[in-house]
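Presented sequentially are two complexes of subunit A, the first with subunit B as partner and the second with subunit C.
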Partner chain A sequence: MATVLLDRVTKRFGRITAVDGVTLEVQDGQFMVLLGPSGCGKTTALRCVAGLERMDAGRIVIGGEDVTDRQPGRRGIAMVFQSYAVFPHMTVRDNITFGLRIRKAPAVEVLRRTQQAADLLQISELLDRYPAHLSGGQRQRVAVARAIVMQPAVLLMDEPLSNLDALLRLQMRAELKRLHRETGATTVYVTHDQVEALSLGDRIAVMRHGVIVQCDTPSAIYNRPASTFVGGFIGSPPMNFFRGTVEEGGRSVRVAGTAIGLEPRWAGAEGMGPGSEVVVGVRPEAFEVMAEARPGALPGVVVVVEPLGGTTLLTVSVGGETAKVSVAPDTDHEPGQRLWLRPLPDRMRLMEPGQGRALIPTEGGAHR
Partner chain B sequence: MARAARTALLAMIATLIAAWVLFPILLISLAAFSSRAQLYSWPRAIVPTPPTLDTILFFLRAQGVWQSTLNSLMVALFTTVLAVAIGAPAGYALSRFRFPGREGFRIGILATKMFPATVLAIPLAVAYIRWGLYDNLLGVAIVHTALALPFAIVITTSVFVGVPAELEEAAMTLGCTRLQAFLRVALPIALPGLAAAAIFTFVLSWNEVFAAAILTLHNRTLPALLINAVAFAGAPLDYRFAGGFFMIVPALVIIFIIRRYLMTLWGVTIR
Partner chain C sequence: MVAAGEVPELPREGRSRTEWLPYLLLAPSLVFLGVFFAYPLVQAFGLSFLRPEGGLTAEHFRRMLDDTYFRGAITNSLLLTAIVVPIQVAIGLVIALLVNSRFRGHLWFLYICAIPLAISDLAAGLIWLSVFTERGYLNTLLHLVGAVREPMTYLSAEQPVWLYGAIIATEVWRATAIVMIILVAGLQLIPRDYFETADVFGASGWRKLWHVTLPLLRPSLQTALIIRTILAFQLFATVITLSGRQVPVLAGEAYFWYGLYRNPHVASAYAVLIMGISVVITWVYLRALRLREEEASG
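Up next, the complex of A and B:
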């Protein structure tokens, strides 16, 4: 087992800087997810850790050792590729034993570990088949087995579930989580799927334009996004954003003509001067939905009602903007209906309108 | 309506082109199984009755044929080895790496096809006499290699493009060096395609007349022997037809076998 450190890693492709001075520390045994839209540099960062890209600057340290100049095979890593990269000209067994054979592991050891890996991924029946005769999900299992049979200190995964259909993805996701618990390998996992990131990660590093914009626990990322980008990228549907103006010295914010009361901790915070423009971020489930006008509640009109089974999703028009609101499934709503939305004060997030950076409430402001 | 007309027109053109290529081959094949008497009679029957092997046997017993066939085989083998040994690494590089001058190199490969062999013939013959390569099978193979290389490079490039780089990367993460990853993963997968490239090169060399005829005197390859017999020695008709047939058949069989690879090379997929 080992820690992983990306130390000011930079990688350019021609004039494009794919990874721009990224520093990231992954604790021993941690499941770290690199999350971001396509082209954000997450895969390139992972490939730098693997040693598949030559970096323009920075170091990779694995288990306390600088491995920057080491070949991929000498870094104590194993990798699962998005395309699986299962060797088509070898049986499943030969695929799984490939790395051990390259390392010249003793035959008994090879046999034992292969069986163990095959059992863990439930592919013992498939060992003598060729990849051409496997389904996508089975190939995926072979790719994972081939990686964990190496008992790597660090397991790298590049969008391993993105080529599976929805049901299989759900199943494999849980299996990967179980696998991580059982092997305990430090894992760096790349995905653009925020649900995957939230469900798998101990930590999530959200990337954009080659830099990490926020690295935190899934719940912190979800509840306290560091910017409008993170709030808008994570969550399905994403966070709602309303433009507002600070009033009463930071005790309330006026959105679409309605003054919404804020928690006292916002008073006097940076960017919260009277008359300041702010962006108010509210998760779809962080509204109190009311049938009649109340102070601090935004008036709106239901546009679309989407029952999703577990919840019902409302699209509500609020003063020219649309908001997504999730409500309990047994509530009665229909298009055209008027309702009032009161954002829960403790779940509101305020951002500055320029870069979309989250504003930080004053410490202890709540006790004032 | 217009669509049907276009399809019909296309089919007609395709038929014409196919006939243009296939009809002579058919005639030569039929003639190769006709007896000498039939070939010289007038009016000549198109379909030999009865078909006979006399003409083919006569050709095979003619002086120099076996030696030339052997020479052709040798030259074609040399050429294949050289062209694959040089072309495959070039194809691999083009498929895997972006390097300065890559585009220039790709165009440069085609540029070698710019100069007709007739223009190069005299300087080449002079150079060969100077270097002591004249009338030498290896010399012919070198020229054939130069002629075949563009094809070899283009084919092997497409072959290696078809082998995902991720497979080699996976092998490297599993402990292979770059070379091991190539040898254990990319090469075995590319092998059928490389074989196709090799066979194509073989056929190219087997059929090449001009350079072979100019650069050899005693050590004739089969096409060189035939062209000499036909053009200067006034070979009889049966010798000509049998010789033609003997040249065509291996090429046809081989092209038929590797046509799938040639199609993908030309950007067409048939299933």
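Up next, the complex of A and C:
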């Protein structure tokens, strides 16, 4: 019903190109997260969808209709701002009904939908209060209620959780997910928090310098990052990167003096010629940790041990580089200890060292 | 050792320094206000209520009330304030909204509108006198286009509409800028997100003005109203320039009693009356435009 299409959207501010020819398709009912570091153009892209920025090039298509030249109020969208922008001079009820009153909805309808939205966000008791008497979390709920009460085809949210404290953020995150399931509105959600993106998104579009560098499901983004940037930006701690040289016609890669065996699908792939420099990417949990030397295992020395409850995080020095390794909490490790790390062959990513782009294995082996 | 939850005491010096700093910073303003406002205020009260030879008296106020000019002065002051201030606020608001719409060249527009701020009330009176006087610009212009044969006399008691009109025009021209500046500053303080939220909901320009802009601008409107009203009761230089004593006003009478009749007691009685009126009106504004406590912040 309401798909959203950004078609080669470009937006410049003077000499800065905030959004640079972005094309992105959001399916009906999908929860799309725009993720990227601060200043990468996420907010600007979202504001283009809302019609709050005049684009320099490109089109916005919502529900199959080109809305590029339509006012924000005529696009069938609702938006939650980072600052919430809950009107201080109106009660919670008047805030929530603001849009409905503009649309001249019948009084009964207004009442019913307000109650419904308030129930959904558990703010029914706050309806007659003024925003000054609400906590940050409650104001946030009001802002969301004010948006969803419109039953918009498309819901836009700009970092709605970034002003909340950690615990509240966790709670609200789950609520937003539930809300999306219950309302089914196509959602475009902007955040710089990769955990939020992984937990909420059906799809994540990772942005950098005004460009989408990868758009995929959370698990694909996590497991098969399209570049060192994505691998380094997503995951906490981020992916480990080692410099290596291709050997044996692409059947192994030498890292810090150790030859690590590769899956056969890498042999003959582009960028995998003998002697090629590559970057090997390994997630912290994708190592096999061993107490003695084995073929294909990198020797290392434990530098720091950080028990995190559910897992324990090791900082390991491997041939002059440091690696973050996550291990089960019941294992015994201490600083100074020697150990050997064997990257799991099916979880290794190889990238070319220049731009950091991921190399593609042969015969479509990348899709598990 | 410090127990959990207990705040360690700061070193003595550190504490006393942090306690005194705010007062130190306030001191210059306090001295200024004390010397130039509080002291003259006390003095004015003293002069208006005390006999020259000592002892309390209402004599000075009685002389003020019995004076032939008194009724005219208070009527004119109230009337001019009631007409001039709403016009100033309305025009100031319109200009501020225009500037805030950021049309091309809005900054030049702002600067030009702000020029009268730099002109003293006496000079403003003289500028407009040169327009309305018998051999002034207005008559020259009308004569040129052939609308009048003989120069007309505008600034006389026989032409009250012209006389008051000239005073009102001068005051509006002279002092609307301060309202505009206060409101432009106030508008810029309103976060853009509120207007954009209204846009996303499809609010029309009028609805945005009534339901978003004006309510959020209320503190600035209040400030502008109070300042303009208080200053309007102190009005006299422009009035005297344009009308002499044909249109007596309260502050003008204070001036005449002090300068012409050399009676600082009755002059002070006028000053105290002006202050009393100002206090009452400010209080009324504060009550009427009060932010409900609930919306005070946020």
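Quick note on the criterion: the second predicted complex is superposed on the first by the 362 of 368 C-alpha atoms of A that agree within 3 Å, B and C clash if a C-alpha of one lies under 4 Å from a C-alpha of the other, contacts with A are read in each partner's own complex, and residues count from 1 in each chain.
Keep this in mind: a contact is a pair of C-beta atoms (placed from the backbone, for glycine too) under 8 Å apart; a residue touches a chain by one contact, two chains touch by 3 or more.
As the structure is a prediction and not an experimental result, all values here were calculated from the model.
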Partners on subunit A (subunit B, subunit C) - clash or fit: clash
Partner chain in contact with A:130 - subunit B first, subunit C second, else both or neither: second
Which of subunit B and subunit C A:99 touches, first, second, both or neither: both
Part of subunit C, among the options 1-9, 109-117 or 289-297, whose backbone runs into subunit B after overlay: 109-117
Shared subunit A surface residues [contacts with subunit B and with subunit C]: 50-52, 71-74, 77-79, 81, 83, 85, 87-89, 98-99, 102-103, 150
Subunit C to subunit A touching residues, read off their complex: 191, 193-194, 196-204, 207, 211-212, 215-216, 218, 292, 294-298
Subunit A-touching residues of subunit B, taken from the complex the two chains share: 164, 166-167, 169-177, 180, 184-185, 188-189
Complex contact set, residues of subunit A against subunit B: 50-52, 71-74, 77-79, 81-83, 85, 87-89, 98-99, 102-103, 146-147, 150, 156
In the complex with subunit C, residue positions of subunit A that touch it: 50-52, 71-74, 77-79, 81, 83, 85-89, 98-99, 102-103, 129-134, 139, 150
